[in-house]
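After the structure tokens below, expect a handful of questions from me.
For reference, chains read A, B, C and D in written order, and residue numbers begin at 1 within each chain.
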């Protein structure tokens, strides 16, 4: 079972990479980019076959390691 | 309009971060982690209000800057 | 011999034909050579093995004949070319044990052009492995970079990616990147050059080689798992780029410095345990080249069982495993009684450790996979009968004659030069490299040679990388000499005794007689200089076919050099003190042919390259070292691109002090300030020592002349002046401006 | 004086730190492997060195912070033991919850290796742990993720408690554009725990602790932390309060 954990910076946390991306996009001539934020996504290949159990497992992993609660939030999706 | 570009490594391209994450999860006592791959997600805040146009714009940005076509692929989602 | 039958081949593998051989880069006569050698049609895997072993990158078929002419011996040389890296003696450690310096330079040009970050990163990884495979801990890295014209649309992206990639790998691995070169020229528009050099230190009695010994010894696979990375990469490195380069793109290799760092520590522990008979890193055409080399050097055969190779991907074929260029892997022949101990070390570092074969008594390379024999070839012949060519070569045409001098005053010319991407400060580059990790960096980048202390001693290595491709194009022999001579000068200017060099020969398509002529000429020059200056060539690398649609790079034989400083108190930096007198060592004729002045200001490549008199180079180098040893000079800098003006400006900037250089009534101002006559140094001494310096020069038969003085906040060339802050700004902003940061 | 240096896979300033500590204390530092569960007894300081523990993968310091040894380091800190985290070591201590805030990618997005100038302390003078140091110290940085961030409230608290260990300044000791190499908020280069016993900083004192390398301001910092603690009357007494963020 695949779980996808998306980790993004909390609002208000400085995101130099996002700023640079927005700037670079404007520099390339793309108009109307009000902002950009960069986060990460971790795709887990889990042995667990029950979707709910897999989700619970992935959430635990995110809590413990994949995201830093001080600056980040996360969400989990389970793929069939 | 918000667009979310998810950039992941192409299949077969070595993902050292993913390997280290999978190992670390096992080390923390999580069982049944067959593998992990790490990618990035870029959330764009676009002035464009038409979903199709926003998608087209985000795809162009991904093509041009956000993803490295040699080793990465991307997908775009538009959020309401 | 087990014969391979067509029926045994998995059905999806293509039939082996001459056309398929051609797709593997094998010429018709080369394919015929294979048929003659084994007396049958090779299997697909065997064809892959031949293509890997016989391509330019592994076989040196176009270059071998000429490389053989280089001087490679000397009392300092412990291992010359032929091993993973050269090895020279550098005196004892604190306990009196003899130490050795292990060093080499290698190119990763094509991969860096395709994916600059990963290409450069894996180039660094590869050369570091070459050094630690031999039992040395890497202590320094350098890199010589060439990119297209500053305004070429690819240049910024390539520069940014390459520098980031080099930094990402070296910084995480934990080796200080202390020096290198960076140039821009339109000839590199379609082919950038990324030459990476690594320098390590080992106990001289603890060097590990690749030659296997003993029959029935386990062959062990170490490090990262095998994926389909770069399958066909070695073949690509030897093919000219063309319109279809896009389609030829193989899977790009991604570097993993974290694994490499663990591999380093695990290998050094393993070597200390006494478990290693021989060891070889897996570089281009990984498993194939490393296994063949270990067997060949040991006069043994090798049998591999691919079922035991740790794989990262599923359903990998024998062909893919044999040609994979996955990084961070090693092959080792193990003392069988040490297996448990060896495995424990690799377990500790969470790295793969698998016995994948054994040495055999017959001359045979036997590869099994899934119960089938996938390859069964005579091992020694794989490298022993590789083709070797004496390619036709002609001396390249002479450059156009030197035209009139530019219309410019010397200070405006200097500002144009020092504010250009080619001659501005390189700090933008080396600040992205950790150049201080290991806490032994005595002279940081930005000077002549970098100086790295030999850990735990009061001695140091001096390191530099140099070449002037403009000269090599105009006059390959003099250009080849000059590259070595400039390296010699950079070392001497820090007070170091030059010891040896590694060369990285980057050229265009050797099948063209003019290109081959450049190659042959440069090698002649390098050989002559290496002999005359006692800097034997201990190893190197050849990169040919750096050409895109007929547009070849400038001939670029990068010379990496190592020198020794016997006492740290004798290190000479580039920054003089206020009040010092500047003395110019060497003769100035105002040679402006192929000068930086002409090429940078007006894009003119006119006139002959400056001639190099090797006896004079040696005499002047020895003189500067003697001055340093006698404590007579406070600073020294060699003169190269941009001549006296640029050298003086760099010294002024290093010191944060103004300098006034006197005019010379015998030469036109631009010729005096910007001429590039060789064998020259600018040294600084206290005013009261100037006379004794001149007396020593007279005795040594070295021409010297007072050139100027240090102090104040103005930089002067004769009657023309600029403030130090304007000079500093032009210098500092050159690369940031190119990158759009200021 | 007994010191220990933690070694993670990917640490690469562990030897440099051990050499510098050895020079200060006259005794070799003990190297402690990350899979160990206990520290040697009787330590005066534990150093978490710079480098790229676990390749900096996932998030700098995150994987190392979960290593078995970090539990022992946290216990040691809770007993008032002195802990020094340099560069990646600071990142690890933050991820382990021993110091506040977060270290993000440099504002330039580029790795930066160069000398910087530091001044000890917040506006109201140095923290007692760092008292007696010169007003301006020259120490190198080498990092990709050294931009210190925390929310305004946390920053105010850290400053108000006098827990800013060092600030980036120019050679004359003043805040200046270009002095801060990474965009750290309020030019913060290092932070102390509440009890002043856990110090995290981006610059590498162990790299300029030797005149042969062109400077020894780093040595002053290590001297102050180690020797100042027993010999110097101005040093804080060993507190018993837990060293928490």
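Couple of notes before you dig in:
Here, contacts are C-beta pairs under 8 Å (C-beta built on N, C-alpha and C of every residue); 3 or more make two chains touch, one makes a residue touch a chain.
All figures in this text were calculated on a predicted structure; none of them were measured in a lab.
When the interfaces B-D and B-C are ranked by C-beta pairs in contact, the top one is B-C. Chain geometry summary: the mean Cα position of chain B and that of chain C are 36 Å apart.
Centre to centre, using the average C-alpha position, chain A and chain D are separated by 29 Å. Once the centre of each chain is set as its mean CA position, chain A and chain C turn out to be 40 Å apart.
Each of residues 16, 20-21, 24, 28, 38 in chain B touches at least two other chains.
Those residues of chain D in touch with two or more other chains are numbered 54-55, 57-58, 63, 66. Shared interface positions of chain C, i.e. residues touching 2 or more other chains, are given as 256, 258-259, 350.
Of all possible chain pairs, those that touch are A-B, A-D, B-C, B-D, C-D.
Interface residues of chain D, counted against chain B in their complex, comprise 54-55, 57-58, 63, 66. Interface residues of chain B, counted against chain A in their complex, comprise 6, 8, 18, 21, 24-25, 28, 30-48, 57, 60-61, 64-66. Residues of chain D touching chain C in their complex: 9-10, 12-13, 15-16, 19-20, 50-52, 54-57, 110-114, 140, 142, 144, 204, 206-207, 209-210, 212-214.
On the side of chain C, the complex with chain D involves touching residues 164, 167-168, 171-174, 256-259, 261-262, 265, 349-350, 427, 430-442, 453, 458, 568.
Per the touch definition, chain D reaches chain A in the complex via residues 58-59, 62-63, 66, 95, 101-102, 104-109, 147, 149, 151, 183, 185.
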